[in-house]
Each structure stands twice: as structure tokens, then as C-alpha cells.
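What follows is a set of notes on a single structure, which appears directly below.
Read from first to last, the chains carry the letters A, B, C and D; within each, the first residue is number 1.
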């Protein structure tokens, strides 16, 4: 039975846990990192590491997507980001002043379907697997362009998404019906975010190949302040894993992948998300300090530029001389002890110390709940 | 059964939860903000947003009351504030030095019944709905003036109020009996604050139209230090909602509104208070940074000027160039990501992401209890 | 049943609560402060406020004892402090440099029984009730001098005391047996500190008039760091109150007073200690900022000068212009909102808002356990 | 039953407690420090204090090992530290720049078996009991040299160790089998770290004389960040004590010692670890500020120099004039109130205040779980 608390007379709340309240608990044999695999496969696509890079203009550009592919992960280009709004996106990025108002202004430019197609073409020409993110609000309008150009994975992603959205517009003229839309596609779809069992199950039933758990909470996120919505990631992943299990049973074998997104800054955070049941992680801010990151050390996500309710400050820049290569961030070697470098080398060692050799087995790792460290 | 803890041998304490320990948990369909309503009606009075502005001289003056009405909320003028003590209240406000001693001195001047009537007249002339707050200590003396001049809502409010107050004075000569007093009035009354089921129920039985839950804890509050009294708002609102439900049953249908007052600085805080069961919120400090606020960026409440036990420091001023209009505070668009601008636009989006279209329905929203974020 | 937690396989720990985790919960009528009494009587001695001032050289000198008596409380002179080690104690105090080493040096001087008798004489001559503290280690040696000179209350106090102490010395030659010792006296004795039911009960059985709960934890205390001993005061007071109740039954009516000592800096802290079941409070640091305090704004207790394991830093001085009179600290009016002035005026208001008119009734006040405020 | 929490649907986590969440709870007689013994005996070796000094180059050198022996404890030389990598280790230590990269570079030099033997010889010549630590990875290669030279205790220690390690290498050619290896030795072995009952029991079954609980978390540790592994020491020690009890029963009397390692900076921390069930403590950082410490006030452990995943920053140096002698750190007298001096004098007083006269009895001390102090 999930833990609930009566917060007052006749009203209960579910208890939720964050990743930083948990630790891995090695309780069995240990393994050397060299006999541990972090390989991940979704649909026809195999990856060396279970990494999906978040559709943030601060970390994914057409050129970083190539490097991310080379390093074993999957980059998601924001189909509604600067690269599809501006022909000179790189110049626009270089000119960003780091304020919310500055972001609101630059993202005020309309998305160009032509540019969207052009960027997809660039990625395809570079020989990488192409993944593009659209918001639920603009999927009906923009997806045809994306699909026409051809992508390997489509990502439909908002802060909170549901399989049944109610809007003012007439549903027949442009409203997204996730279930019928996804059913009509040949390309695998990642869809989210969500934070509970019910929504996760409903999203699985749309036919999605993967469900994104969480909305990408990072150090600059203010969604919890502005909206009162927060996703304790450990509980959310565990609940979505229960939905995955039930859906597997319900369908007699369809396995939907869980992509954890939020509150992961270090190798340990990633390891704990995987141990809670995630198949892969979506990382944004964790990669922002890489030398190659288009944000030049700054980080923001799509909510930062919302015209009426911005929900992310721009994470202030990291000095150039403290930044290391994307390869060092992902695969090391680490030259500091922050836990923020060699992220997947760290994951491999965490898996080994817990005695697991594959990601799927690692989802059974022992967990201990504790008061955390300041 | 409410959660109780045995804190020592033979002595139990109720467990109480603050709003910042909760998050909204979207678990169903989502709705666009444009198909969500925040309208609120109490007695004959309808409001676009469920906002009662606290009777603090830092945020309510005769002129801001007009602007608040225009923006869809209700302003409460402090009947015992500077506007009813000084003919030149604006000059007195401008000269405030921000110290406790300075406040004690300026509030040492007696309230003038003539000025009180004059201020009410000014508000009425401006065409706004008139709400005036009196303290329980001075209601017997000052209410006749207020009622003679005519108000739309009377607010009888102290830090902690009860339906049965015991004082040294002979009860026959000037002591307030809330039940007989309110029963004698035609005008709807808001009464509070309170923090538990029993007191809320007793206050409902006085015939009040609304009960204020909490005492307005804000960043400068020291009531918890000076008196050891604190109101974990989530639990207090939920308990008062249980009293509202029981009183509704007891009376065969009289619905008393709950006005949550305290610990709300952002749109998310407000959304959570409403989700716990509040019908409306009373905001003070959250509006203090508005350009129009008479406190010029500073905030204090009536307890700050108490002659013997002051219980609120003066919240230090916000630089003028960081302040935005009251309209932007309430309705946006927000130009920063603090969650402290576009408060009710944020509430509307929170309601939509949880799938509710009206405030009353939103009182059933899913809640998750978690460790909060520093 | 007291709350216990299994911290590991086969090992349980009691759960303890600090005062700052609790708040008073007004749930009934309210009372004006003018109809609330804070009077306290122990043995033949009546006091206007339930205040015992801690035997710290930083707050009690022969002259402050006079002022404390005038203000309604009881001062305890440290029989092993500077006043009984130095003829020129005032000069020694003025020359203190605020370091641990400095304290260790000045307290290295032996206690003079003659000076001890002289100081008692001074107090008696000033017409105040005389209370002197001795450590359990030196009671056998020094008590005869104290008793010969005549005191109104004897305080036997260490960090942790027990009714059965085992020492290397031959018990027949100088070891304190609390039970036989106290039984032999005519003067009422306060004895402590203690932190649990069992020790409290044993100390009551020595015949003491009062038991001190806690060891006086203050902002500079490091007993928890050095010894791993800490006393969650709320739980400790509640447990001692259970012992008081059981001892009352066991003796057919002997009421032993509980003096809470530790973690009380504000009026609210004191109110909560009283509501947990304390009959009076022992305050030290809370009075250190008074203009009259011999420590000149600094605070330390007897553990600060321990020659081998000092367990209190010297709380750094408060600037003279921020200090107010002892009368303002105890009875107000407060000129700031810190909750650290008008301590007992605040207590009276807290009692009134909870609806109680006497300290004994107030021990039944409602309590709420919450996460506290940073 | 150990406390478990359902963190989400169908997934439980054990609840773990840190030492700083506990306090000792004196509940019985008290004892003078002079009638308390801290003596500890493991195998044939008796020690005045239950101290094993961690194999960190920052605190153990051939010369400090002599001083530690003189002061009643046991020093463990890191068999893979600078002293076995460099002939001029002292010069290398003096030249350290305190960065992770600097450590990685200096520890990049290979261990010399000849130097290893030379250092052991130096220790033996100095007349101290010799303890040397090897990592599980290099035990097969280096242990023959250590054993040939002769040691009193062998320490096989990594962050997390198991009785069954799986590596890529062919197990027949160099892989450590703890059980057969330890069984083949005459010298007593300490082995660890571990953090749970199962691993502790398995390590006991290898025939080890002592099991190390924890991985030595200190102020600069980042293992929890990099790997997501953390050991709440109170729970880990209690669980290992349960394993010790069960193993004692299983073997009809073989008592394996528990050496607690991590989160101990003060005398109180040590006392609590012993009260949880540890037979002795392994201290590193706590001794780093001693004047004699080779790290000159800085502290790091073996994980700090890991070539790919460093997991400890170099704790920044303490100014020379604030450092005291190792004797003062261990036996006092303390000249400040930090709790970080006179560590074992503090332990003795803590034992006395709880009424225990030996370490074994003290393992039954009362514990209270509380919210800790900032």
C-alpha cells in the first residue's frame, strides 16, 4: 500500500520522495566496472549509455547532437527552440543576456516550419539518429513537417501532459488527441512529462514507445513556486514503473520505456533514478557546463521563456576555465570530485558496487531512505 | 483519524503541515488556462479572482482599493490603521523609517471615528465595494461608525480570535459577543483568524459569511517566536474545511467561506491553499512590491506596531526598479521566474494542469507530501 | 505508548522532540492578558513570574540578584563561580577576553569557602531570597558553608545528575549521596539536570522540591558535539511531568516542581516549555543581553570553563546600544519584534490566546507538531 | 522488524539513520570519568583507546604511527599510499597543491613492493604494532610482500567490499577470494567497508578478525554524489552488530570486532558510534588538524586520488596556529569547545554520564532519535 498521510481532518496526501532522500544500498556481491554494461535499446535504436539529452537550446544544437551520438547517447532537438525560429540561431545564442525578459523576447519570434525541416535535414545529413521535440500545443501544426522530413524518434513533451487535454478550441480543428495521433505514426514516440501512476498508464496506452517521468526540475526551476507542482522523482519513477509492469501484463508484453527527467546533477543521481526503475535518463543542466554546450555554461529550459508564466531562471554561467569536454562529462576521466564529471563511468561503478551487470537488473537494487546530506 | 504523535509519556500532539511541504499532483486530464475560471462569489459579491487584500497599511489605501477592485479582487481597509488615525496618512507613510519603534510611535496616535467615516465615504464615492477591518478589541466602539457609514463587508480580525473572549472589563459594558453582534447585522462579516476545527466551527456558528484561517504569517512574522503560536496552513485549511462541511450539514445548507491567510508568496502557494479547501486567499506581503503599494516596497502588518509585543518586523524595501504594477503582480505577464508575478495567471495554469475548471472543483485536487525544496 | 523507532535490526531508539518542532494550538476561548496570571509558588516562596535565573556568572551577580527579585523572579548565584573565587570578581569579569582558554584560566582559581559565605551574606543583607548552586562534585565540601550562612533554596546541579553516582573515591569519605543528603536538610533543594522519566523520578524520590529538566542548551552549547548527549526539551519535560504525576500518586500528594532549562530564547519558547508541563523555567542566555548583565552582553555557562572538556563557547557580545534593561527583557515593552524582549508579557499573551488563566491550567494547552521555520 | 517505507507503488526502501540524528540518553546512575575504561582488545592486541587511525596519507606516516601507538591507538599505513610509491614521500607530501588533479598525478606513480617492505620494516624497527592496508584489487599482488615482511594486522579495505567479487580477469590468475585468502593467513585481518547486515555477515564468515562498517565519509566526501551510495552510520553499525550477534551464535562463540568508519568528527560522534555497537572507531579527518599530521592540516582519503572517479575533495588546510598536538586531540585537555579535541576524554565522560564502565557495556546505552541541531 502506498504511504499516505492524513494532513488534516478527512484529507489525505500521498507521501513522495526525492532522489536525494535515497541512497543505493549494496547488499551482495560486487563487480568490477569493466564487467558492467550500461547499454540501452529502445525500439530499433541501441545506445551505449541510457542518455537522452533534453530538448534545451542550452545543450542541444545540430552540432552537439553529432557529438552526443558519437558519445553513445541521443540528443533531442527542440522543434520550437531557437534553431527553428532563427536562421542565425548561433548568433542569437551568443547574444543572449541571461535575463528572463531577454529570453521572452528572443523566443517571441515565431517558429518557421521551413527552418524546422532544414534543421532536421542537417541532422540527418550528419548521420545521427534524429529526435525532435514538439509541445502538445503545437504538435498538430508542426508534426506534419517533422514527419515529412523524417525523424527516428518524435518527442511530445510539456511540463505536465495528459492523454486527454481539454482546450477552448474546437477539438476537431487542431486539438491534439494523443491516442489517435500516435496510433497513426510509424515512428516511435516519447511522451511526457508525468508524475503519477494513472497518467503514466494512460500515456502508455497511447502507444508511445517511452514515457517521460518528471518535468526536468533543475537548479533554476521555479515550477514548484509558480504552479505549486513538484515531482518527487523517486516516487514518480517507482509509480511509473508499476504502471509499466501493469501495462506489460495488460498488453501481454508491450514494454514501454521510462525516461526520468529532473533532479539529476551527478552520477549518483542518475544511478538512483535508474535503480528506481528508469530505463534511461533525460539530462539537461548536467551537460550545460560542457565546453561544447551551445549555452556557453548557462542553462535554461523551454519554460524559462514562457511569455506569461516563466518558470525557470537562467542558470548563471560557469567560467570557461572550469568547463570540460562533453566526453569528460559523460565518460571522464573526472578531474574534480564533484560527481558531475564522468557521469556514466560513475553509474557503471555504482552498478558494480551493487553487484549488477545490466541496467534492467539494476532496477532491483537495494535502496535506503535517509535524511540526506546538506 | 487525524495524525497525532505521542511527544512524551502520556502527551500527544497533532501533526500539522505547512503549504511548502505539499505539492499539487496532477493525475487526470489537463485543461488549457483559457477554459479555467477563478471566479469567486461571497454573499452578493462576485469577484474575478478569489482575492481579499489584507488590511495592512502597506498594501491597502483608499486609492489602491480602487485598483484592486478594477483588477477583480477585494481590498480591506484597516479601520484602525494610519488612514483612520491621520488626516495626512500618505505623508505619515512616506516618513516611516522602517523600525519597530518608528511604527509603535506612529500607531500610537488614537483612531479617529470621524476619519474612519471619512475614509469609508471616500471608498464608496470611488464606486468600489467597501470592506473595513476592525480588531475584536475595538469592534464594540468603532463598528457603529462603520455601519452608519455603510460597508459591503465587515472584517473582524485579530491574530487569534474566539467566539468566547474573556476580558477584565465587565462584559455588559463594551465586551464583544461575536454571536449576538453578528446576528444583529445586515452586512456580511468575515471573522478570524483561527487555526483549528473547533474554533472554525464556533466562528461559523456566529453567523459569519466567511472565516479567516491563519494569522497572515509572512517573511517578517515573529508571532511564532514571541508567542509560540504557529499555524501550519495546509492542516489548518483542511481542518476548517471539515468544519465547513459539518456546519453545512448541521445547518442544512449554509456555506461559510474560508479565507486562507498566511505563508503565501507565490502563485503555487495560493494554488495549494485553494486545493486544500480555501474559497479565497487573503494576501498582504505578496502585493507589497507592486509599484502602487503604499508601503513603497516595504511590508508590515498590524502586529508590527503592537505597543508591548510587536510581532512582525518591517520587511525591507524592494528597490523601485525591481517593482512591477499591481496588475502584473496579479495578472501578469510575469517578467521574472520568481513565481511572485502573475499570481492568478499561475493559479489558472495550476488548475488547468490538474484538470479542474472551477475553484470549488479544485478543492479536490491531488496532493503530495514531500520534503520540500530549500 | 511512547514513540520508538527501530534504527537498525534489533535496536530501538526513543523519538524525542525539541521545543522548536512544536507550536501552541489555540482551540477554545481566548482571554485578555490582563486576566492571566503567571504567578508561581515553590515551597514557601511566591514569585510573580515562573523564572529561575541560571547560575551563570554572565547573568547573576549579587547586584543583578537584587534586580531579579524586584522583577518577580529568583536568581541563583553560582557557588563555584567567579564571585566565590575572587574578591575582585567584578574586575575579573571586566577583564575576560571571551576565549575558552581565558575562561579556563580564570576559573582555575580555587573556590574560597570564606568568599562563598561572604557573597551569601551580601545577598541576605540586600533582602532578597537567596539561592546558591553547587555542583554534585563539591556539594559535600561546600554545602556546610552554604547552609551555615543560610539560604532559601539550594541548587545542586550538573549537566547530567543521577541519584546514584559512582566515583573512584571511597563513598564514605566525601561522596554525595543525594537521598540522605537532601533528607537531612531543612532548606528546599532544586536538583538536576535530567532528561528522562526514570532519572526524574529518582531525583524526586531524593526529597527535592524541584527537578531541573535539561542542561541549559544555548546558542553556544557544544555538549551535543563533545559528549553526544542532547535533550530534546519538549519530550524531556513531558516525560518528567509523567514522573511528577506518578510520584504525586506514589506519595499521596507530594508535588515536585519541574524547572525547564535549555533551548529557550524567546517568549514563545518559554510558553511552549510551560505548556509541555514545566512549572517554571531557568533562563540564562535569554537575559545576557540585558544592560545589567554582568557578562556585558556575552554569555557562557559553567561548562564553558571546564579544564579538560569545555562544552560551551562564549556567546559573542551584543553591542551596548542594542541592549535593553532587564525589566524590558522580562516585562517589556518590547522595542523590537525578535520575541526576545517582554518575555513574560509574551507568555501572558500566549496563555490568553490559548484561553488559560493560570500556569497550572496552561500545562494542558493544545500542541501541534510541525516542521518548524528556518 | 526493521523500519521500511513504501517509496512508491510496490517498492520499499529501508529507513536509515545517521549518527547526527541520535543522542545518548542517560537514564541511570552516573559514573566519574576516572572509573570508566576505554580499553579495547582485538586478537592478541590490547589498546588503551578503541582507535584505529585510517590509512590516509594525510594522517598516518611511519612517524605518526609511532606517536599513535604511544597514545594508545593503532595506526594503519596505506600500503598503496605515497610512502610505498615514493622514496621521498615526505617531500612529495610537502609539495602537494591540494587539487584533485594534483593528487591524481602524484598517486599515478606505481606502488613499489620494495618500498612497501621497507616501510613495514621501519615501523617494526620503531617497536610499534604494524598494520597495513591493501585494496581488494591489489591484495593478491601485494599481500605476499606484506606478509613476508611481517605485520600484526592486515587491513583489506575498499569503499564497498564483498565476499564475492566478480571481475573480468580470470579468477584463477590474481582475483582475490577473501574467504580462502583470509583462511590461509595467521595474521588477523580487518576487512571492509560494508553497510548492511548481509555483507557484514558474509565478511565475518571469511574469518576476518574485524569488519569495517562504512567507507569513511568525511566533510570532503562526495561518494554520495558520484555513486549515490551513502551509509547512514547508526543503522549500519546496529545492523552489523546484529550480524555479529548471529555469527557469534552460528559459530558458538567467535566474536568479530566492528570498526566504525565515517561521519565522526567529535567525541560525541565517537561515543554514539560505540553506543550503536561498534567495538572501535577508525578515524581519519578527526586527526588531520593535529600538528603532527603529515597532511599539514589538510585531509583526503584514497578515493580522492582515483584516476577516473575521484570521490573526495581535499579538505582545506587548518591554519597552523589553530592546530594542537595529537595528544591533545586524543586525550586533551581541550582548549576550545568544538568537541574536536580530547576525543577520548570526551568519550569517557559520555560513558560515565550514561553510567557505563566498559565499552562492551556501553553498547547498550540508551539512544534518542531527534531532529538534530543545524
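A few comments on the model shown:
What we mean here is this: a contact is a pair of C-beta atoms (placed from the backbone, for glycine too) under 8 Å apart; a residue touches a chain by one contact, two chains touch by 3 or more.
Computed from a prediction, not measured in an experiment: that's the story for all the values here.
Steps from subunit A to subunit C, minimised over paths through touching chains, total 2.
In the Cα superposition of subunit A onto subunit D, the rotation angle, rounded to steps of 5, is 90 degrees. The chain with its Cα centroid farthest from the Cα centroid of subunit C is A. Subunit C and subunit D have Cα centroids lying 40 Å from one another.
Multi-chain contact residues of subunit B (touching two or more other chains): 17, 235. If the chains shown are joined wherever they touch, the resulting network closes on itself as one ring, and no chain has more or fewer than two partners. Screening every pair of chains for touch gives A-B, A-D, B-C, C-D. Those residues of subunit B lying in contact with subunit A across their complex are 1-3, 17, 22-32, 34-35, 197, 234-239, 241-242, 245, 266-272, 275-277, 332-340, 342, 345-346, 349-350, 353, 355, 357, 366-371, 373. Partner subunit C is touched in their complex by these residues of subunit B: 5-11, 13-18, 21, 100-101, 104, 159-168, 194-196, 198-199, 220, 222-232, 235, 304, 307-313.
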